[in-house]
Every structure is written in C-alpha cells, then in structure tokens.
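Input: a single structure, listed below in structure tokens.
As written, the chains take the letters A, B, C, D, E and F, and residue 1 is the first residue of each chain.
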C-alpha cells in the first residue's frame, strides 16, 4: 500500500534526522520550501529515496551515509553535502570517519572537490559542537 | 625516508590486490603500460594514494573500498571502477554490499551512472566467479 | 496500490517502446541483464521513473523524451542516450527535432559532448532506417 | 554579412528577453559586466548562440528554452539557469512546464541537481510574481 | 563576410592538421561522418571554434593546444582528446609537454581522468611513431 | 628525506605566491582553516601537489598555471579557480593570457562555465588592480 511506503520511508528518514529527541537535519524543510512549487517532490524523497533505496538490505545506515557523502563530494553539490554530513552524524558515523571519507577522495576527485567538502564539514561540525580538538588527538 | 613511504604504500596496496596467494587486481599493469610514458606515475599512486591516503587511520579497508566505488561510479570512470570493484572484493567487501553501494546512488547520480556501474560489477563478478544466485537469495 | 503503480509505469514505458507492434527499445533488456544482480532495479525504473515521473502531468511524451536526451547528452552517458533516442523516436519526436535538440546544446556543453551524442544518433537512425536524406532536405 | 548575423541573433535573443515592453532577462548585463574584460564575448553569445544555434529550424522557441533548462540543471551552473528560467518564461513556456522539466530530470541527475534547480526556479518565480498557488491547483 | 570567416577558420585549422604535407588529424572526417545528419555542424566548428576562437590574439597555437588537452582530459571526452593530442603534436607541442600537461592535472582531477588520458596519449604516440624512449631519457 | 620534499614543495609554491615581497595568494590560509580538521592535508598539498607534481620538468611555471586554470574552469570549482588566477598572475602569466585561456574553452565547456570563470577573473583583477583598460587596448 502506498501509504505504508511513505510511512516506512519517513521512519527510515527519521533514523538519520532525530538525535536526542531533537530534529537536527533539514530534510523536512525541503518540502516546506519547495512543496507548493513541486508537489510530489517530498513524496519522491520519502517514498523512493528513503522508503525504497535506504530501506534496502545489505548496508548499514552508517555505510549508506558514508557513500552518500562520497557521491555528493564528487558531484560538488554542497547544499546536499551539508545536509548529509548532518544525517551521517545523526546516524552514528563518527566525525573522524566523515573527515576521512572525504580525505580519501583526493586521488579520485583531486584536491578542489575535497577542499570544498572539508569547508562544509567544518561548518556543520561547528554548528553541532563537534570537538575538532578530539579529532586532532586521534590523528596519527 | 622516501623508500619506506613507497614500501608501506606497496604493502597497503597488496591488501587490496592479493587473494589466496593470487594477484587479481591490475594496479601493477598500469605501471607496466604507462610507466615509460609517464615516469613517476607509479610512484605517485603507490606513495601518495596508497602510502599517504589509504594509510590514514579512521576508516577500515572495507570502508575505503566502498567510498572509492561510490566516487568512481559518480564520475563515470569505468576502467578505474572495474579495478576498484576488484580491490573491494579482495579487501573483503561482500558482493552484496558492492551492489547496494551502487544502487544507493540512484537518488544522487540518477539511473544512468548506476546502470553503467552495475554492468561493470556484473563483468567483474563473472570474472571472479562471484555467485549471483546467492546474491538473489539474500535479497528481500 | 503498489501493483497499479508498476502497471501504470509499464503502460507508460510501452508508449516509448512499442512501435508498429514491434518492441524496439531495450528497457526490458536491462532487467534481464541486471535483474539478478540488482533485484528491485527494474521496479524502480518502471514504478519510479515511468510510474511516478513520466506519469506527471504538464509535459507531453515528446517533451519528456527531448529533455531526457538533453540531460543524457550533457552527462555524456552514451548507452542511455542510445536507448532514449529510440524512445524519443517511438514517442513521436521527429528525427530532425532530435538532432536539433543535441545541436542546441553546443553553447551549453561545448562541442565534444554534442559530437559524441550525434554519433549515437547516427547509429540509432541507421538501425531504424531513418532517412537522413530527408533530414537534409528539411534543413535551411 | 557579419552585421546581419549579429542583428538576427539580437532579434532572436529579444524574443526571449522582452515581455510587455519590459526587458526582464539579463543577457545584456553580461556584456556590460564582462565586455571590457573579454571583448568578443557578447558577439559570440549573440551571433553564435542566438544568431546560429537558436536560429536553426526544427525546434520552437519554447522547446529550445526547455532543453536549455534541462542542460543547465544537469550541469549545475546556477547563474545561467536563473537567466534561462527567465528566458523560458518570456518565450512563453508555462511555469508548470518549467517545474516539470526539472522534476523530470530526477531519474537522470539524481535529486541534488533537481533540488538546487527548484530553488532557483522559486526565486525567479517570486521575482516575476508567478503565482505558485495557481500551480498547485493545476497539480494532480 | 561570412565566406571569409569560414576560410580563415579553415586556414587556422590546417595549422593544427597538416604536417609534412600529410593530413593527420581527423577534423574533416567529422563533417563527412556527421555532415548530412547535422548540417551546419562543420561550419560551426570551422567558423566559430577555429575562425572566431582559435583566431583570437593573445595565445600561441601551442598554448591553445595545451589548454584544449587540459579541458578535454578534465571532461573525460576521449574521442576529442585523441583528436587534440594529434592537433597539439602537429601544432608543435612537444610530446613531453603533452604528457606533463596531463600529469599536472593529477591534483585537480584525481588519478582516474589522468590515467585514461595517458592511455589515449600512448595510442596516439604509437600511431605517429613518437619515440617514448626519448621521452624517458629526458625525464629526471 | 621527507623534510626536503616538504621544503622543495614550499619553495615551489612560493614562486606562485610571493610578489613584490608580499604574499598575495591564499594557499597557506587553507592549512590554517582546515589543518585542525584534516591533519595531513597541508602536507599533501605542499609535498605532493607542489613538491612532486609542480616540481616536474617539462613545463614552465607559466604553462602549469595556465593548464591549472583550464582544468578548474572546466570543473567549475570557483574557490580554487580564484586562488589559481592569483597564482597565475604571480607566476608571470599575463592578464590577457588568463582571459584568453578561459575564452578558448567556450567550444569545450560551453558558455556557462566560461561566464562564471570570467566573473572570478574580474574579481581577482579588481583586487590586484590589474588594468582592464590596458587589456582592451591590446584587444583586436
């Protein structure tokens, strides 16, 4: 039933959105902002992206968040990258893993895409009070 | 010392290359093929990509293999995608995870890049006798 | 109901696939080829791409075929471009309009993407016996 | 004669620029802004893009505007997308068709490029007082 | 006068095409191959690309050939890259400079685009009997 | 020794950075900004990009600066383009050559990437008091 598909997508999306009872990411702002312009868009994101794709077995939420970041950094679409650094943190990807994911792309995308992605990471970490000091201590 | 950097890169690369005492991937063919044309290229790949980037802490070999595939599928550079589906398998990423990694990109890259990446996966799985039947059984 | 979504997608897809009682395009080959590797893929294409997106009001089949070609030529994903030149012809886009769509992109994508797209058009037109002579006569 | 090519390009461009005796789009600002830096640029745009490419037979102005938007959304070049949403409106493409053109790209470019394009559409529609309410009523 | 623009473009193109009284590159094959499909295409390439753009003052033929290669390697459009490695050689760019141009892009495009471009260079050098041995001796 | 590699990279980078005893470009700001987030990044840029790649023989500093601009304009990564228009000026590339390099890309990238790159050039020229008037006088 179509409604179930929406519901399961919404539930899945919330796993990437709610942390400590607070909604942090901004997926739902998209529908508020663009919903009247493009009716159906919110449904596609929730039903198709989350209800179909994210619901597939075989990868953990953390793995899905990491490969999403990798793809968005390669494309250079920064607003979505900002959103999905948030969803990655909420889904339990460690800050250090996010940084390393992007650093790992240097041989594949070159420095420019990586530098721009790191600036977005820095912004999100600051907003969410992720301690960069701690990151440093873990570094080799 | 520069030599150590090369050696540690080579050791790291071998973790993605040797399986059951057989070398399966084709990183070293690149230097054979292009080494006389572009001296230094092999060194950059081994010392920089593997010795510096792949050696960083914070991600497992499996994670690095998955985000590499994600980036290459997004770029659409198929020869390298073929190589790194091999390195992913060798590094222990499960076939199903490789397929899911690429399927997950549909909302971010659209269908075309994903379809082309799946054809490359199919080719590599056939070459390495990865059982697609088993994959099916695991599917929901 | 989910089944209806699949059915309406399939019906819509057929409007781009069947001509003179012959199936010409190759959408269904994708599921044969990749279906066992990536279960669900065929469903996403039929339900989401055709059942949701192509079913939307506001554009004709011909218009959708033309903007699909425009996007695929810009991305440079040639296998999909070949498929959608076929769907465009089947949907009633005139050969001349297909060529003009790609020619129009020169200022936006540069010559290389356009030249490669034109080669694909030439191949499809030959396969389907589209008369290029006639095209010439229509030219200014 | 070269002058005629410029003139016919300018005339063609005006079909995408003047509405109700008001010039709305910003093609001519480009030459003001960049003309002293890059002499010849304005001529290439008017003579080549408009005088040669846009002047070709086989597509209507509305069709050309739609495939331009499709290409620019795929590339992600937002300043030009903003301009050509304006030219599309001026050329008589209906607001709903512009939204649908971009929505149609989801399967080809993924969500990120489409979301960013929709934000640009929203901005242009607000500047030109396009009624989004009306759009909603037309939606299925 | 339009005819002169075509002629000056053709003359300019020949500077990149004729070497030792032999035509080596394949610009003119494009018009043979695609001319009946896309009337006007040859003119745009000769009049606009060569007659307008390549005719501009401020860069030498060698410089234009090098930045063309740089752009095409970044885009990954290999048929055009093959053509312009030929035009670069004909225009007097040294084989070593062509290799270095592509090697220089590693930090900007990542390894994949560069590896694919080097394979194209290798193919063209073999066709034109460019001595790779000599290249090696010049290397540091 | 690794330290020498860093030092030679830094020395090479300074050839693109210091002009009239003033540091103008912003390479070093990157390490300040992103160094705590991504330890090692500064080293990769200085040791690998400058110490290995820029140190290669076969191209002059001016040639390397020009092909860097060509690649970055094609990618559309504007923050890095801004930086490397600065490094190009510092390395002795003439303002007119920078403009022409970007203008030359029109047939390869289309107008949009070129227009956006020209805006970045205009901004950098204004910051560094490059006389556009003079540019005009040199123009044909």
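The criterion applied here is as follows: a contact is a pair of C-beta atoms (placed from the backbone, for glycine too) under 8 Å apart; a residue touches a chain by one contact, two chains touch by 3 or more.
Model, not experiment: these values are computed from the prediction.
Considering every other chain in turn, the ones in contact with both chain A and chain E prove to be B, C, D, F. The chains in contact with chain D and with chain E alike are A, B, C, F. In summary, the pair chain A and chain F forms a contact in which the copies contribute largely different residue numbers, shared numbers making up under half of all those used.
In this entry, B-D is the pair from D-E, B-D or B-F that repeats the interface of A-E, since more than half of their contact pairs coincide by residue number.
Note on chain placement: the centre of chain B and the centre of chain C lie 32 Å apart, centres being C-alpha means. Separation between the centroids of chain C and chain F, computed from CA atoms only, is 41 Å.
In chain E, the residues touching two or more other chains are 40, 44-45, 48-49, 53, 56, 72, 75-76, 80, 99, 103, 105-112, 139. The touch graph of these protein chains is complete, with an edge between every pair of chains. Within the complex formed with chain D, the residues of chain E that make contact are 1-2, 5, 40, 44, 48, 52-53, 56. Per the touch definition, chain A reaches chain B in the complex via residues 45, 48-49, 53-54, 56-59, 63-64, 66-75, 80, 94, 96-97, 99-101, 103-109, 138-140. For chain D in complex with chain A, the residues that touch the partner chain are 76, 99, 102-103, 106, 110-113, 115-116, 118-119, 121-122, 125, 132-133, 135-136, 139. Residues 105-112 of chain B are the ones that touch chain D when the two sit in their complex. Taken together, the chain E residues at the contact with chain C in this complex read 30, 33-34, 36-41, 44-45, 49, 72, 75-77, 79-80.
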